[in-house]
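Chain IDs A, B, C and D follow the sequence of writing; residue 1 opens each chain.
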Amino acid sequence: MTSDKKTAVLLIHCPDQQGILASVTQFLNENNGNIIYLDQNVDRAESIFFMRVEWELELFAIPKDKIADYFETLIARRYNIRFTIHFSDEKPRMALFVSKMSHCLFDILARHMAGEWIVDIPLIISNHNDLKPIAERFGIEFYYIPKNSSNKEEQEAKEVGLLTEMKIDFIVLGRYMQVLSDKFVSQFPNRIINIHHSFLPAFAGAKPYHAAHERGVKIIGATSHYVTADLDAGPIIAQDVVRISHVDSIESLVRKGRDLEKIVLSEAVYKHLQRKILVFNNRTIIFN
Amino acid sequence: MTSDKKTAVLLIHCPDQQGILASVTQFLNENNGNIIYLDQNVDRAESIFFMRVEWELELFAIPKDKIADYFETLIARRYNIRFTIHFSDEKPRMALFVSKMSHCLFDILARHMAGEWIVDIPLIISNHNDLKPIAERFGIEFYYIPKNSSNKEEQEAKEVGLLTEMKIDFIVLGRYMQVLSDKFVSQFPNRIINIHHSFLPAFAGAKPYHAAHERGVKIIGATSHYVTADLDAGPIIAQDVVRISHVDSIESLVRKGRDLEKIVLSEAVYKHLQRKILVFNNRTIIFN
Amino acid sequence: MTSDKKTAVLLIHCPDQQGILASVTQFLNENNGNIIYLDQNVDRAESIFFMRVEWELELFAIPKDKIADYFETLIARRYNIRFTIHFSDEKPRMALFVSKMSHCLFDILARHMAGEWIVDIPLIISNHNDLKPIAERFGIEFYYIPKNSSNKEEQEAKEVGLLTEMKIDFIVLGRYMQVLSDKFVSQFPNRIINIHHSFLPAFAGAKPYHAAHERGVKIIGATSHYVTADLDAGPIIAQDVVRISHVDSIESLVRKGRDLEKIVLSEAVYKHLQRKILVFNNRTIIFN
Amino acid sequence: MTSDKKTAVLLIHCPDQQGILASVTQFLNENNGNIIYLDQNVDRAESIFFMRVEWELELFAIPKDKIADYFETLIARRYNIRFTIHFSDEKPRMALFVSKMSHCLFDILARHMAGEWIVDIPLIISNHNDLKPIAERFGIEFYYIPKNSSNKEEQEAKEVGLLTEMKIDFIVLGRYMQVLSDKFVSQFPNRIINIHHSFLPAFAGAKPYHAAHERGVKIIGATSHYVTADLDAGPIIAQDVVRISHVDSIESLVRKGRDLEKIVLSEAVYKHLQRKILVFNNRTIIFN
């Protein structure tokens, strides 16, 4: 994680069979790939094998741009493996969608600026102008793209244009408060991270703090998840909770929730950047 | 809490008005009631005043059996107060309903036996015979009252008969797994405590661990609540959670959940015994 | 809490005696002070009474600048009460001391800017120049006051000069990493808030994450406390923890700890601003 | 974990080198050992490789009693591996040491009786007679072995005699409250599990709840660890915490702590029974 050497990360899943782990590690080993991290897991109920392996590229015999091809031919076919490969020297590019609340925005920009994350953030998109001064303060381009029921399709097209032009890899919704269309979402599968201000699946939908107060729960939460066509039902990446009591008004739930939201969202972004997430059957495997 | 002196506990709620707190404390003070505990709270949104006050009876000028009458006449009427009074020297009587799982049963009996709780447990009722040997081991009468769709009404009548005969104050459902009829429930308002094996309102209903696994949540929970006619929707008393991951099978959720369930249920019973719970609008106020 | 009306807050402690609560509430009541919040507690072991009461000033019969005098004369003397009074319309002024790490600084400035806190932050002091650009970005004056073993006394004198000139009410050490002299500390009793990056009293002193890793604990924490002459031993205001495992390197403890540190420090500052903290015998009473 | 098939568990550590993982998995694979679980981890700072692997014995080509020998010859020597092997069909035998408090005892016996754990508990040893009735109720032999400063050595000898005679594999101290001699401890390395009623290393030694109250912490904890010659300093297995406040008296800390203690101790015993713990440099690796 703190190694400065260039590494490759391989994320794998396939039907569980004897010998997969041995084959993969042998493949890396024989080609002088020094494994610096390996985490694997078998879902017994569904009989699926999952693995994340990271190795140093320095002495690796196979050139970077041929690894996928070789792995496909020599290993993946045999075991019916589906995989993705990522390289530590390719910095992901992230777009940030926000609305009026600043806590998630600040938390993300502060981490970015402090070098906590290896990521580029070339643009911020918002349907309100409120947070533009913050974007400017951090020297990030801010696009004001207001939406209403009649212009949603064209505004989303404008957004997709910008995202494409800027070569954006993934999107973070920092309390964006707008529902993205299925069409938009389908262009970024498992590449849009949202924060929902409740412990999903409890209190999906609007005004979860009001609903939590009404129900009289003793704990509230926040949930970060990949966005899918089905609102608030995408694969959960991270959750956290905080105790409350009858003393808490809705305002104090909102206050306590803000801290949860920003930390849980940033945790999800961090895992995504670390390539530690694999999605299967609308659930996430979060490697160690 | 650990005082051996006899005390009275007054639980109050009423529309919030100036002067209530001063009046109540003055009433106790003037009559030589030494207040050893006071917790009050105002729900600003609904403008309701809640209070729990406990005082020593030793030097209190008003005889125990006349306190309710005096308080009603001198204070409650003026402020439109609804109240209950409880006395520390009256040991509550609890019935325990169980099914086949023993973890909640053991946890409760162990606390009872160790003197953690001031309570009598004269009977255990079950729709299965499995836990009878444990009841016998602890010297508590065990009633086997099996239920099916056709005999539910008469079996519940038998249960109510036993509960009445044994002068039971409140009922604890220690993973009882049977739905009680509205008729039964209505006879014990805010006096039946259940443990639901999820973080309500998430995963109400049957098989919550399966549902939690299916949804891929990262945290599971347990919820103790008073039973109302609306299943799994009664006032929540206590909740707790534990982190899980993709590594956990349904079996390991069940295992981890058991520990939550027994602790959360016992916490609710303890609060109930301490007279620290006031129910209002299907929510609980849990005093400190 | 969210009322826009002007209020006064009274923080009290005294030897526990019968009648205090009735006397105080009656005093406010008789003078038309509408109590909007009251929390009290008795330390049975030491027989000390603690209370925080907040009331609206609008119709209160006693003028703001005479409340302390009247309360002293009419109530405090009788019960040997020690008290402080604060007014919601007097905005506290805070100084921020930082070093090289930006996470606490950003968290505090973001809250300030978003209006989460009612506070003025006229200056930031640091022994390094690293965070100056951030201060400038937020439009706050930044004073670079480097310290070494030979100039500490004079540099602290310079700091005290600035703090006095700027009418600073309290100081927040956002990972300042310098030990303040007893002389300095004694001028701001219970008015300097520090964040220590461990679950105190475990791992007091330098390099707590290294120590935690060495000891092999399964949970790490952060502790905010008022600074006293005795390093890392002042009254604890807030603590929080996060689970770790053998998988975590020191670097990942540092990463996880940062999130704890900023949240726990900000929680402490919030409580301080809300006047919800009373210090007694090197411990804090944190009112609800 | 829930497989009924017979399995072997191999726990390994060695200097980190390229190829270990491939070699071990290949060894199992070639001999028809179906791997059902594998977790490995490298301590980068110390360059040590750790692994736990579990595989089915049914079709495994090497007979059970020769596995250790073969593994030593074919693999372990090459990589300087230290290892232990355990078999799922060999039920561990546990001795329970208790004193006067029953909460840990009940929790353990309840789990044992409910079949949560695969373990035999042939005897309970105590320096007091208080819990004898509970042992009898569960049909377990109870040995009353009182100790004082003058008879400690001979009483411990008696205990060791019993433990040897009963073929005890490991010992659980369920709030035993006696310090075992170095001589005793050295006979059961990493095979005595203790529960300390604090969040170690905070409040090691006697009366931790008093110390926690005195220090004014906002969170208390419990710690299970293997016992070493150095009191309260052995490798930590599990820890958990609960929030407290100034409202909590020492008595309520004790009450809340009891629940932590029993759950944390039982968690440690469970991990031990699952062979999920490896001790290295006075720290534990707890496999998933």
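By our rule, contacts are C-beta pairs under 8 Å (C-beta built on N, C-alpha and C of every residue); 3 or more make two chains touch, one makes a residue touch a chain.
These numbers were taken from a predicted model, which means no experiment stands behind them.
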item: Relative to chain B, chain with the most remote C-alpha centre; value: A
item: C-D compared against A-D, more contacting pairs; value: C-D
item: Chain centre separation in whole Å, for chain D relative to chain A (CA means); value: 37
item: Rounded Å distance between chain C and chain D, as computed from the means of their C-alpha atoms; value: 42
item: Junction residues of chain D - those touching two or more other chains; value: 2, 41, 44, 247, 249, 288
item: List of chain D residues in touch with chain B within their complex; value: 1-2, 101-103, 106-107, 110-111, 113-114, 116, 134, 137-138, 247, 249, 251-252, 255, 258-259, 263, 266, 288
item: Touching residues on chain A, where the partner in the complex is chain B; value: 41, 43-45, 50, 199-203, 215-219, 221, 235-241, 245-247, 249-250, 282-286
item: Partner chain A, residues of chain D touching it in the complex; value: 2, 18-19, 21-22, 25-26, 28-29, 34-42, 44, 243, 288
